[in-house]
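First comes the structure, then the notes that go with it.
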Amino acid sequence: MANTKFKIKDLDFYYGDFQALKNINMDIEEKVVTAFIGPSGCGKSTFIKTLNRMQDLVSYARVDGLISLDGQNIYEKGYDANLLRKKVGMVFQHPNPFPKSIYDNIAYGPRTHGIKDKTQLDQIVEESLRAAAIWDEVKDKLDKNATAISGGQQQRICIARAIANDPEVLLMDEPTSALDPISTGKIEELISELKEKYTVVIVTHNMQQAARISDKTAFFLTGEVIEFDDTEKIFSNPSDQRTDDYISGRFG
Amino acid sequence: MANTKFKIKDLDFYYGDFQALKNINMDIEEKVVTAFIGPSGCGKSTFIKTLNRMQDLVSYARVDGLISLDGQNIYEKGYDANLLRKKVGMVFQHPNPFPKSIYDNIAYGPRTHGIKDKTQLDQIVEESLRAAAIWDEVKDKLDKNATAISGGQQQRICIARAIANDPEVLLMDEPTSALDPISTGKIEELISELKEKYTVVIVTHNMQQAARISDKTAFFLTGEVIEFDDTEKIFSNPSDQRTDDYISGRFG
Amino acid sequence: QEGTINVVSREDGSGTRGAFVEIVGVVDENEDDMTTTSAAIQNSTNGVMQTVAGDPNAIGYISLGSLDDTVKSVTVDGAEATPEAINAGDYPIARPFVVAWGEDQSDVSADFLTFIHSQEGQTIVEEEGYIAVDASASAEGEESSEEASSEETTEESATEETTEEPAEGEESAGAEEAASEEETTEEETTEEEASSEETIEEESATEEESTEEESGSVVASLPSYEAAGLEGTVEVVGSTSVTPVMEVLAEEYMALNPDVTINITSNGSSAGIEAATGGAADLGMSSRELTEDEAAALNQANIALDGIAVVVHPESTVEDLSLETIRSIFLGEVTEWEEAAQ
Amino acid sequence: MQSNFTETFMKYVFIVCASLSILSIILIFYFIFEGGVPFILEEGIGNFIFNEVWRPTASNPSFGILPMIVGSLVVTAGAIIIGVPIGVLSSIFMAFYCPDWLYKFAKPAINLMASIPSIVYGYFALRLFVPFFRDLMGGTGMNIVTASTLLGIMILPTIIGLTEASLRAVPKEYYSASVGLGADHDRSIMRVILPAAKSGILSAIILGIGRAIGETMAVILVTGNQPAIPNDLNQGVRTLTTNIVLEMGYASGRHREALIATAVVLFIFIIILNTTFMIVKNKGGND
Amino acid sequence: MTKKISFIKILVWAAGLFTLGMLLFIVGYIFYNGLPHLSASMFEWDYTTDNVSMMPSIISTLIIIGASLLIAGPIGIFTGFYLVEYADQKSKFLPIIRLATDTLAAVPSIVYGLFGMLLFVYQFEWGYSHFAGILTVTIMILPIIISSTEEALRSVNDSLRMGSYGLGAGRLRTIFTVVLPVAMPGILSGVILAIGRIVGESAAFIYTLGSSSSMISSLGDSGRTLAVHMYMLSQEGLHVDESYAVASILILIVLFINGLSNLIGNRLGSGGK
């Protein structure tokens, strides 16, 4: 279908003694939406966070195996984690805009990476907000505190904030689970647009959501990838019984 | 099918100015499992909590309409809310055992209602734990802290705790949503047994769960009951389009 | 010695300061305290000592009883600050310790006062480094000597001259030692106590003994105390400065009268007088003169005299200052050590 | 089973207990003001507050506490200049940089710092800070800078305790979000966490100021206590609190009333501060 | 940018180490000056000018801590109950109580001292006494206990309350048997703070408790706490060494109390979670 963006080989992951991920092998393709599903605690969040090295922040976490982005091992010594995170943006389950103005939220990433010029920043802010389909709703209140808008809007601000960094990949960990159906609809729509430009990896609890928006789906169970295939195939004709059980709601 | 346990007539419910329930009419039958489904925020929890007057604790809440238990209006002046809650037990979404020993957790209700005798308490504790299908797992550690066991066990302790009060009705608000699949299975099994003795009302996010364990299902949407019927009917042939949309995962 | 003089004073209202400015003359025509406003203020003897001990250019004044070798006491017009010199009238800066009581004095309280004014009591006063007084003399209105400070040993003169310096004393370093020696000194008080003056420069010990005999300490002439076998409690409240000697007196008295309890609360002269006036205390301790109002409501008696030493840094080259120079320094007229030395 | 009577009875017991703190503050208010306000009125508010001469024992006494007001303000300002940066940086250290092994000691150490009696601080400063600043600045060494430094250190535990708490109360998500955008630890803390905690930090600073203004037994030893308005940093000052403690033991009559009146002024300062604190806290809550 | 990283890091470490260093320095200074002067005679039962025993002040300190906690403890905890469990969170009474406790917390100790003197010592004519001292510090520590109780109660998960109400337990039973045990470590840490405040206090005591050095025989007696004892010993410059020795003991006591509270906190904490 396309180039491989992330290549994951024999990945084991440990929180202290507890092994949260077991022998993961997966290729994530460029400009495609990949969904991770699975019951609570199966390691979806853990895995998505290894992709931009957010797990570096957990002092007792340990990674074994290989993750390469565009062919380069991101866990290699000397690889700049901050630059990685600029390239691989992240959106979290709960909208978490900074308690600053909307403008400052969006400009935070670019400023961090050295852009000081006001005109340039203005332009980035507008473009990102447009890309996140929220420009029209907030263009008149860019100096308003970003925590004072609705949850759905906040989440799109967070997506815009990630986009402002001009990333190549967007990781989203249950981005709609805290939102109402209408906001959810908007964000799902947005994701379908985003895949034109970005590689999107999304974790979701909602199987219908995965079915609706993703091209590829991985089913996780207790730290292992049980099945990874085209979304259509997974939902219509899974090859593993456990996948079938899960999808048809027999557990989880 | 059976006697009516709860009769709800023209129930409106307000949190301050916000109307969370609109004109609910429903008969809940004795010794039957009734499931409430619906998207987040539709008022399921609000409704279930009006049934044992837990909403009394929300100072700005207001109830309009009639709820009667065995023919008696529970919101009548002079009706003892504490006795009501003894009769109508409740199990919550997150297991919430008291940070006391398992024994003390189970004995809490009986002691509250005046049972002091040690032999009698011992007997109640054992019976309740057996009824909640957890006796074998904890019988050797009754003096252990109830918060030091697994989530699934904790939830069954909470069920046992409710049962120890010798209730007539058990209200359960998403009792398995915080649990792993295996624990969930055990609790679902337990519920099927419980309905022999108790009237069970259960809120769930998991439609398959509702389908598996309930006899009757009510579908809530923005504070209204859209459809209330036999579970089989709701899941195979709903009469309302919105019910159909929800069940087939088109929103929520 | 050169450099700016750093003047250290006590707080306004302090008895020590009142006595000092009065005797040295740091006052204006209205007898108002004119201590230079640039003086650093400390509210305790220790504060003054620590300040002076740490500052080569400082000068301050403290109770003679508290003097130790962390600071150096200068001679005033050639006279050394010792009890003997004060008794002999050579060292001019000294003030009285006063106790006051209300109308209905309890027997125990009266007996305790008798003890304080007895030979035994005044012996302790001397042992603690203060100067003994003769209560009977003052009762007759006589002044036993011409000493600069002795005018205050009588009640009458004290009440007459109410503009006189308020007086406040300091704790005595001799307390510990004196207390331990009390038992043995009961007989030969005069000799024994002389050697117990640890706060005074050592070489003066022998000299002291003779000086005392020469100057005729009043102690020998005082009546001896007989325990009356009373029982009860005496509440003594007031001056922090009087407290140390009062504590020793109380301990000794309680040893002689096992059924009597004496409680001492140390919280300032005014508080003591107020407590005595209000009846909360049997005896109020004051290191300042009573005001006219207070004196009208209370009886009072002096129980000791205390000297005030003028102190400088131990390494200071200043040895002697005239009373006039000290006055100029504290008035802020002389601000450089070079000037003061002249 | 709890009878309804017990329930209701205890409810009233709780209400009564809750009212006791209101009663206490009213009592304090009443007694301090009753002791001091008549004097202030007699003396004239302007004459008491704006008069520069404090000579309470003179034959023609003058009770002007302007020097003490200035003294309190100056010394407190100094304490803020010294204590706030160190305190806030220390809290950042405690919350985000301190290694675990060190934190285990550092946390109780800072608690300990809060319970060391002020007199201990005072003598410590008298022996070590005073000579240091005398050598540095000349004069007696008992001056504004010495007192400010001492107070700056004494308010550290107050500032650190509260600031650390409010830094820790900032949702972790902000930090994750910042790191997720490629910002490093330092930037995430300085640009995201610190601003997010600002109302808490402000509250901490205000409480610190309250502590500094109210401190007595330590400053008394190192400020020189001259009741005169300073015109140089190496001069001593007298604060409102020290004015009370210095002279209370000996004061009687109007002098004593003047000191209680000083406490009234001190009290009013505290109330002003506290109102500011409430406003800041409420603002913070609305954000 | 790399430069800036290290700059902030250095700044923050420097501030942290300065603070800790300062504390070590102070504590070290006191121990250095005080510990060598500790002697058995300083712990004799009765104070004399000879032994300057700190025993009476230790006893007084303990009595004052005990008595004021006995009064302020229940009042503070009950106030916390009212604030968290009973009061309508929108009621007008709440901000008033909060204003009162915040103000109480900010009142300088010297003002407490004068207040206690004016009310208890003179108005009530109790004289300088343990009564006066106890009541004064009781008011002083009340806000500490109230605010820590309030915080501790609020941090108790509501689901526990719901669990209890859901079983038909009333408010009182819920509070005393479910909420209070869980909140205990938090309340205790407030109590420890209060003890620290009492132990370190001097200004408020000098004007209420007085400074009698004799062993307490009734609560109507004047007395002195350790901090006041230390102050009194140092005042006249006669017992400076001993006063440092007392200061060392004070610090040891504070350390001991902090350690104890950690221990209790861990005990209760592990039981409660």
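Letters A, B, C, D and E name the chains as they come in the text, with residue numbers starting at 1 for each one.
In the analysis below, a contact is a pair of C-beta atoms (placed from the backbone, for glycine too) under 8 Å apart; a residue touches a chain by one contact, two chains touch by 3 or more.
Only a predicted model underlies this, so the values are computations on that prediction, with no experimental measurement involved.
Count how many hops through touching chains it takes, at the least, to reach subunit C starting from subunit B.
2
List every chain that touches both subunit B and subunit D.
A, E
So which chain ends up closest to the centre of the protein, judged by Cα positions averaged per chain?
That would be E.
Which interface, named by its two chains, has the most contact pairs?
The chain pair sharing the largest number of C-beta contacts is D-E.
What is the chain whose Cα centre is as far as it gets from that of subunit B?
Measuring from the centre of subunit B, the most distant chain centre belongs to C.
Go ahead and note the Å separation of the Cα centroids belonging to subunit C and subunit D.
Whole-Å distance between the two chain centres: 38.
How many angstrom lie between the centres of subunit A and subunit B, each centre taken as the mean Cα position?
36
For subunit D and subunit E, let me know how many angstrom lie between their CA-based centres, rounded off.
17
Find the geometric centre of each of subunit B and subunit E from their Cα atoms only, then give the gap between the two centres in Å, rounded to an integer.
It comes to 46 Å between the two C-alpha centres.
Give the residues of subunit D that touch two or more other chains, as numbers and ranges in rising order.
1, 123, 127, 184, 245, 248
In subunit E, what residues contact two or more other chains?
Where subunit E meets two or more other chains at a single residue, that happens at 170, 173, 207, 234.
Within the complex, which stretch of subunit D touches subunit E?
Touching subunit E from subunit D are residues 1-2, 6-7, 10-11, 13-15, 17-22, 24-25, 27-28, 31-32, 34-35, 85-87, 89-90, 92-94, 96-98, 106, 108-121, 123-124, 127-128, 153, 156, 160, 184, 186, 190, 207, 210, 213-217, 241, 244-245, 248, 260, 263, 266-267, 270-271, 273-274, 277-278.
Which part of subunit A faces subunit B closely enough to touch in the complex?
Subunit A reaches subunit B through residues 39-41, 180-181, 184-185, 206-208, 211, 248-252.
Could you pull out which subunit C residues touch subunit D in their complex?
Listed in rising order, the residues are 4, 6, 8, 11-15, 18, 30-33, 37-43, 47, 50-51, 54-55, 58, 166, 168, 240, 267-271, 273-274, 288, 291, 294.
Considering only the defined contacts, which subunit A positions touch subunit D in the complex?
Those residues of subunit A that touch subunit D are 52, 54, 57, 82-86, 89-90, 92, 94, 96-100, 108-109, 112-113, 145, 147, 158, 161-162, 165.
Please give the residue numbers of subunit D that touch subunit C in the complex, ascending.
Listed in rising order, the residues of subunit D that touch subunit C are 54-60, 123, 126-127, 130-131, 134, 138-142, 220-221, 224-228, 235-236, 238, 245-253, 255-256.
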